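My questions all concern the structure below.
We call the chains A, B, C and D, going by the order they appear; numbering starts again at 1 in every chain.
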Amino acid sequence: MPLLDIQNISIRFGGLTAVADFSLTMGDHDIYGLIGPNGAGKTTVFNMLTGVYTPTSGTMTFDGESIVGLKPYNITKKKIARTFQNIRLMKNLSVLDNVKISFIYQEKYGLTSAILRLPSFFHEEEDVQKKSLELLKVFHLDDKKDEMAANLPYGEQRRLEIARALATQPKLLLLDEPAAGMNPQETQELTELIRWIRKTFKISILLIEHDMRLVMSVCEKIVVLDYGKIIARGTPDEIKANPKVIEAYLGEEAAHA
Amino acid sequence: MKKLMACVLSLALTVSFSACQAGPSGSSAGGDTGASAQNSAASGETIKIGVVTPLTGQTSSFGQSAKKGLELLEEQVNSAGGINGQKVDFLVQDDEGKAATAVTVGQKLINSDKVVAIVGPLTSTCANSLAPICQQYQVPMVTGTGTNTKITEAGDFIFRTCFIDPFQGQVMAKFASEDLKAKTAAILFNNGDDYSKGLAEAFKSNFTSKGGRIVAEETYNTGDKDFNAQLTKIAPKKPDVMFLPDYYSTVAVIAKEARSAGVKATFLGGDGWDSSELFSIGGDAVNGVYFSNHYAADDTAKEVVQFIKDYKAKYSNTVPDAMAALNYDAGKVLLESIKKAGSTDANAIKEALKSYDGTVVSGHIKFNEKRDAVKAAVIIKTVDGKEKFFKKIQPDA
Amino acid sequence: MSLVEFLQQLINGLSLGSVYALIALGYTMVYGIIGLINFAHCDVYMVGAYIGYFVATDLHLPFVPTLLVAMLGTAIAGVLIERIAYKPLRRSTNISLLITAIGVSLLLENGFNWLFGGNPRTYPHDILQQSNVELGPVHSDTLHLIILGTSLLLMILLQVVIYRTKIGKAMRATSTDKDAAELMGINVDTTISATFAIGSALAGAAGVLVAILYSSIDPYMGIQPGIKAFTAAVFGGIGLIPGAFVGGIILGVIETFVTAWYSQLSGAIGFIVLIIILIIKPSGLLGKKVSEKV
Amino acid sequence: MSVSLTASLKKLGIFLAASVAVFVVFTLLISTGVINAYYKRILMTICINIILALSTNLIINFTGQLTLGHSAFMAIGAYAAAAISLKTGLPFVLSLIFGGLVAGLFGFLIGLPTLRLKGDYLAITTMGFCQIIVVAIQNIPQLGGAQGLPGIPGKTTFAWVFFCMILTILVLHNVVSSKQGRAMISVREDEIAAEAMGVNTTRYKVMAFTLGAFFAGLAGGLYAFLMMFIEPTTFNYFKSIDLVIYVVLGGAGNFAGCIASTSILTFLPEALRAFGDLRLVIYPLLLIIIMILRVKNIRVMRLVKMIGRHKGGKEGDSHAAA
């Protein structure tokens, strides 16, 4: 049984069909890439997958259960996590608190325990504190745990966003242009990081990215979207050789690659 | 940890800051009062009387009149040598027309300024809220305009020199059915105002018990200026009379709109109608109206004539309105009782008030066992832009 | 309810609604451009009525000059308020601006109460001759028709200003993105001042017209119509000029009919309707759903 | 932030000891007459306003939902507590709790549909709700209608308001420093991101609203038994606006600031009373000036922070490279 099975999802906004008949199947520990020119509908696919939009038609099953029509927070509970194209950290909160947000749904104690400070409160809070710090350590952010997220440099904000997404304990991680705005060295580090995340956390990753070097080097399979439709899918080498892709999107960049 | 400590600290600091203010602002409280107290002879002791009335906010116009009435009284009494050889000092405080503020300033007067008695509060709401406090501290309180029945129920230190809401409603209902021979009536009142609602309820029950029929009962809310929806509904029911228990600035607008909506009924009202501005706002629509009042400005009784003369002299020819007269009366009843008691002891004043029997601007006043004034009402008819005395109605024994 | 009564109530509703619409236009315009609930708008309306009062009683000017002087006066007042109180806070949170606007509102109300006393003043309503207009079995009067006409005219005029003129283009640009507008060479300060000037002039005109209609003024006269007009603006979709007009008219009509049916509700009905509408359509009647870009 | 049991207990102990100390000092000052009944009443009003402000603070500053109708819950609490005490003779403390619970229930019922509205739309809706409650009470003769409800026993004492305030501080402090509080803050910061991290934002918005309503109801009950007479217009949206002013001046999500600003702003009108009618002109003038200065001050702070960040950023970069 595949981890993620998307069959023919479409979405229309008014008269405009933003994404049509999108299908994708992912297994455990896959890293797939989703590429395409600006406005092709890549982020819209993410938004449907995470419940921000509900597809007009089509089915999406994750881990054997349908996730169509679920609220975003319920999809997170089903173990799909995401980052955002335009970083959406809690800017006025500390780095540590940003990660702790992701544990809220996993903590079981109720309002009464919180108000009366029952033992369960202390146990779970301690646990969350520990887990959050561990995660930050992995991402080399532990020495900045008390800094305000807004004050982090750009590359670290991206890293923190990934750490925060991982804290929700996903089986599938959706990364929306994680390399945007990074310099080549940072992108290189990111490439390593993505591979390392898959290995360490044993999860699948779906990646939207414009940086072809990154996509080609980490993704096992690539899906190409243009005007809301899939125009090609295959391994990086197949995609590189696909004339349709080159025509629609890669064109000159492929020449450079 | 730090946060919680900061909470405690900031609380302690701000509160002690407020406590430190106690001294100076407590002693400078007389700032509001008229200059008359100072320029009269400096005899040692003064009798401090608190006045609680709205000087700001949406009822401030009534409070300003009340203040003028009482300042006139203060001047008159002090130039005549004061009470029991002591000067009188009215300490006027603004209650903003709000219940909570009335209590706060009331306590300031009672606890910080140590007044011997309080005149006011002006509105029923404020009087209702301050009454239990005055009772608690055993400070006599005389309201000249708080017409809500429940005010004096707070205890035996609470007095009222005006009539209560039900009385005016009853007077007008009786007048409508007996004098005007009205069979049907419409009522349009302010649902959010205690005074308006109180009068309307009393009118309704009395009018129906006299065999009349209420054909329409409509309401509006404070601040409304457009009554066409209600009036359009009332007009086809052709009531003989329409009872409008509210203040002049509102009823004048209602009267105008009612006439253009085709309401032909005779308008009836309460003491809130009494104002010289009534005609300038309402124009022709407010002629031929009957309303109950405490006194008539064209009354020839010597108290009325004298009061109007003095008031005009002091305030550049302004004609006093009911608020000025009623609060003047409340102050006067209180001062005469203090004089009679011969001391400023609260219990002595209370007893003197209980047995008060005298004539003031708004007529003869005696308190009943509920400490409400028993006095006659007058019916005023408006003719050609003027208020004319029409009839006096004695209270039922 | 007979047909005649129904028609008369409809006319009553339209009349009341046109008053709301007239005040709501200025509210919504300021909101549309700078996103501020200008709580002081209804007090600028009061200031306009007072200016009109003094001009008409002390200078004995006729109606049109009175109206123009009041509009000029409130335009200046509006610009001053913006420059002194709002401008320093332009880049801070909405809620800080809201508090400041409330401060300005209280300042104007209490300031006028302190300066001119709380007594209602009779408005010189004879500067505009009013007469009843019979339309078959139903009736209205000239003043209501003038107010309805004025608000309709002003709505169209505002649309023209905002969509057909240079300053309108600057306003729209400022409303979309202040910084970008600045970079494109638009003088944001001037544009916002112009917005306040126009919005406040509208309030001034409304103040004079409504004061003539209801014959008296006092320092707190703006509170209730202000709330109603604001409700109307939100009802129609705040920030949209036609929304203010449509919202005002519909609110007036609904209020009138509900009041005629059960007047006990009159104080709350506007809000009840508003809440129902917003729950069904969270951005108001004419408002478009704006979904945040994710 | 420490989450251990012992540290937490120690903290609680110190806070309670400090509170009791403050209480003892004030009780002494009151009993010796240094604080007379007038100042005592202002003190009690301050405590009640602090409860109201902190509950508003939870909704506005922590959860980021602008409400202009919080006084409606105060009204509901006041009337519920007073009415049940008058009708059934329920003991004072139970009446207070009853008032809070009824208000909380209303908070829940109102919050559920309205909290999906945002910003100004939520503001006007809550304001409308407040007006509806006031008009509703005016139309219920059993509650005294527009004429008000007199004859409420004066059972609220300084000890009651003080310890109810301490209780409110403790409970709300515990809430905001728990996962529930973090969830509320995440709603304020970025609703979409919060949902993506598994936070059921509606649930926490309604929770904040309900809790806030409960404490406002509690404050309402205390107010009713202090005033002995209540009437509906006391609780109109002007009161709600006062509360918003308290919490905005208190600073974002800040307990101490909120308490300080509430105390000062409650006392300010009394201090200004010597100015007569002019005080109502001075008050808004001060408000505007404070708002402007506050922004200026924040800008200065931001500049300082920016310089600090510049330094910190450099260190961070070098570390990341290492």
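Definition applied: contacts are C-beta pairs under 8 Å (C-beta built on N, C-alpha and C of every residue); 3 or more make two chains touch, one makes a residue touch a chain.
As the structure is a computational prediction, the values presented were derived from the model and not from experiment.
**Student:** Chains in contact with chain C and with chain D: which ones?
**Tutor:** Chains that touch both chain C and chain D, as defined above, are A, B.
**Student:** Would you mind telling me which chain pair, B-C or B-D, is linked by more contacting C-beta pairs?
**Tutor:** Top pair by contacting C-beta pairs is B-D.
**Student:** Which chain has its Cα centroid closest to the overall Cα centroid?
**Tutor:** Given all protein C-alpha atoms shown, the central chain works out to be D.
**Student:** If we define chain centres by averaging CA atoms, which chain lands farthest from chain C? Would you check?
**Tutor:** When every chain centre is compared against chain C, the largest gap points to A.
**Student:** Could you give the separation in Å between the centres of chain B and chain D, each centre being the mean of its C-alpha atoms?
**Tutor:** Each chain reduced to its C-alpha mean, chain B and chain D end up 35 Å apart.
**Student:** Averaging over Cα atoms per chain, report the distance between chain A and chain C in Å.
**Tutor:** 48
**Student:** Where the centres are mean C-alpha positions, what is the separation of chain A from chain B, in Å?
**Tutor:** 71
**Student:** Going by the contact rule already set, what residues in chain A reach two or more other chains?
**Tutor:** 52, 84
**Student:** Indicate the residues of chain C shared as contacts by at least two other chains.
**Tutor:** 110, 113-114, 264, 267, 294
**Student:** Where in chain B do residues touch two or more other chains at once?
**Tutor:** 56, 191-192, 221 - these are the residues of chain B that touch more than one other chain.
**Student:** Chain contact graph: line, ring, star, complete or other?
**Tutor:** It is other, because the touches fit no line, ring, star or complete pattern.
**Student:** Which chains touch, pair by pair?
**Tutor:** So, checking each combination of chains, I get A-C, A-D, B-C, B-D, C-D as the touching pairs.
**Student:** In their complex, what parts of chain D are in touch with chain A?
**Tutor:** Chain D residues touching chain A: 3-5, 8, 12, 171, 174-175, 178-183, 185-186, 189-190, 192-201, 207, 305, 309, 312-313, 316-317, 319-320.
**Student:** For the complex, give me every residue of chain B touching chain D.
**Tutor:** Within the complex, chain B touches chain D at residues 1, 3-15, 17-19, 21-22, 25-26, 28-29, 31-32, 55-56, 93-94, 96, 98-100, 103-105, 107-108, 110-112, 124-125, 128-129, 131-133, 136-137, 148, 150, 153-154, 191-194, 197-198, 221.
**Student:** Name, in rising order, each residue of chain A that touches chain D in their complex.
**Tutor:** The contact residues of chain A facing chain D are 50-52, 71-73, 76-77, 81-82, 84, 88-93, 97, 100-107, 109, 111, 114-117, 119, 121-122, 124-126, 128-129, 140, 143-144, 147, 151-153, 155-156, 164-165, 167-168.
**Student:** Once bound in the complex, which stretches of chain A touch chain C?
**Tutor:** Residues 43, 47, 52, 84 of chain A touch chain C in their complex.
**Student:** Residue numbers of chain C touching chain B in their complex, please.
**Tutor:** 2, 5, 8-9, 12-13, 15-16, 19, 110, 113-114, 117-120, 122, 132, 139, 141, 210, 213-216, 218, 220, 223-225, 255-257, 259-260, 263-264, 266-267
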